[in-house]
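In what comes next, chain A is part of two complexes: it sits with chain B in the first one and with chain C in the second one.
After this line comes the complex of A and B, so read on.
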């Protein structure tokens, strides 16, 4: 009892590893979709496109202003109550929907800030040599904004990976759900959860390395 | 990742046609997978008394059983929204639940039990819970049982999603309340310093809940029939003997 049961922990590693891909899939798909959505929102907000701008503001306000777990329950249990056909939304889909909308709301704001943060003189210079709006965005503003937004976007991705641990409440057995059930069978809570914690940690650490590499690449133009 | 995307798209396109899909698939059974020894996981294998009984029912009905595990607090939502057909997680029949669901015949008869950390002399019966902090599982019937006690307002009830045995052993709460059968089992088999405090204080009967719809009622009747057969031919008793060394399926 007082000593760590190392054999149990080692035995648990291959079992829990089989659930890691699902955790990464949930976060990976969620991140790609959230990025697309967030870019659209940010552009709508920066260009102040009428109607869409107001709708986006409400969307961001709601998904940033309510807990992710509440949103997951709304998608998974709430919607089928209104429209029974929506039962076809399975746990995995509902989790991805929740992660996408929740995190796109946060990410839209940091992308918008990055775009707005690009110095106005850059825009003026580009326009003065006859660039179109599209060229201005693609060649001048977005490359500079990407560099600014990257660290915060990476933060959200890391947060999203850990947020997938809520999915077991919707019946999706991902890394955390598998760990909870194993711990319930063995009552070796510390051993089970420390194995899971180390797995999350390693994944996030690898992402930090990736972020570091990307930052160096994006900073090339600025280093002397 | 690609399949997930396709899945998502398929799901959206299926929304319109969903009600047309056939009903007769496997029987979808929800459980927490976190309630030793009724439902738990060891080395990725779902096991327990409730798994064995459900498998026997499925065999009797000639239907495959598909287990869906989720946190306990999500199970009734899954039943309500039609994602599972019933819950096999020692669901106690209560008035409140009977308003929303219909129940099969009981398949477990048990009592509520106070459990404390080993050596706790302050709490030796349910009456001693006055002024104490007591843990129960979130959404379980034991919270309601505690609230029915005449001195309920003097008990600080803490609800847990899981791991309340551990918190009691750590001394974060004075006691927890659970059914006698699984409490005894936990004390016997798991390395936690816990002990039963006094006799049971309430009779409970556990059964399978179903949605109160035509399909739900038909399914309930089928399950009842299977349960009766399993009771008569001794299967229920032998599954109980295997897990508990005693027959908990009789009143």
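After this line comes the complex of A and C, so read on.
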């Protein structure tokens, strides 16, 4: 076993960097959609809207209770078999669908807990000045819940970035897929995957910095 | 004008309000006194529909509703005709003093931003907190928070402001500034319903004092009558106890 082939690693960086945007796109789109879905689920659960509440409970139970990889295969290989029109689903779409539903199930529960944690007096005060339920959610409760939920949500986002690597099993050439191909060509597996690992790591570290900055901003109202 | 007819509120089997009949004229300052747990706060909360009353009818201004048949829109409309000042202030924690006051104008009345903040600044001026416009509740004293709470109620332009023990959570040093602001509002003939244990405020400011016990109005009249010549033995008993600890 030779020492690390550093030249190969350095050469690999610009190659793999061209696949990083797709990884970030998968995670970014997945996160936005998952957040929207999770907020809807959380509000349905908090307000106990009949029928929708029960459906949401089942949805959350299924997507939390089964592995993400199984869900991705279901969307990509399974659905087109049932409904032939769904063969149009490509690997990228299936990945985004899987990430969205999987993570929205987790995030819905933390958002719900954060909403329930907002003091009841905040809701009463909003009602007392004549706000509708929608207005008080949007302007008073959700902004306060966001502050509580932020650290957990950022954790899920970080998890989601790493979970995009599963997309390579659906034939999507994102960062992980590209690394796999490069390594298979050069047989320098360690070098290739350590470069990929460091790239994921740097992205996640940058997000942690963003989280820190957001937390300071959101805490502004609550410090003396 | 506010008119309550046979208003009652049950919590399960417990009857908290037992047929309240009450008419309050525009500009009248009514102080409600009585032992703890006799429905004083519940009465105010029912008027603002923070509690759903069990039965009765309620009139505020030109809107009358049978509380059982009130539609969602009517409840909202009732709420918008009344304003509430909470014992624990309940300022919006994510908003500054200015934003707390402007919120109603921006969101419910849909005023343009500039006009809403202009009005909110006028109110901050009136409550003596112009310098606290950008302060968040967490950075204000209890007295300042409660004055903003009153300012938020003033901004609604409601027919009546309901005060639910507005000074009970305050450290003694802040009580006077809040009572002072309430007196100022009273002198401007803002219609007020006040639940309080501040007997001197009741005596000096109220047009009418109402004594409630067991979910019913036991006795009511001008403060001179209630404080110095109470008729009902329960009123006498209550006043004896409370004046021993809170002398007028």
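For the reader, a short list of remarks on this structure follows.
Here, the second predicted complex is superposed on the first by the 221 of 224 C-alpha atoms of A that agree within 3 Å, B and C clash if a C-alpha of one lies under 4 Å from a C-alpha of the other, contacts with A are read in each partner's own complex, and residues count from 1 in each chain.
Note that a contact is a pair of C-beta atoms (placed from the backbone, for glycine too) under 8 Å apart; a residue touches a chain by one contact, two chains touch by 3 or more.
Owing to the predicted nature of the structure, the values given are computational and were not obtained by experimental measurement.
Of the two partner chains placed by the overlay, only chain B lies in contact with A:86; chain C stays clear of it. Of the two partners, chain B and chain C, it is B that touches more residues of chain A.
When the two structures are aligned on the shared chain, A:181 is found in touch with chain B, with no touch to chain C. Legend: residue contacts after superposition of the two complexes on their common chain; A:144 is shown touching chain C, with no touch to chain B. In the superposition on chain A, contact of A:211 is made with neither chain B nor chain C. With the contact threshold set out at the top, not one residue of chain A is in contact with chain B in one structure and with chain C in the other. Listing the residues of chain A that touch chain C in their complex gives 119, 121-122, 124-132, 135, 139-140, 143-144, 147, 220-224.
Contacts from chain A toward chain B in the complex involve residues 1, 11, 15, 18, 25, 28-29, 73, 76-77, 80-81, 84-93, 96, 168-173, 177-178, 180-187, 189.
Those residues of chain B whose C-beta lies close enough to touch chain A in the complex are 1, 4-5, 7-8, 11, 14-16, 18-19, 30, 32-36, 40-44, 46-47, 68-71, 73-74, 77-78, 80-83, 162-163, 165-166, 186, 190-192. The residues of chain C lying in touch with chain A in their complex are 48-50, 76, 79-80, 82-84, 86, 88, 90-96, 103-104, 107-108, 136-139, 152-153, 156.
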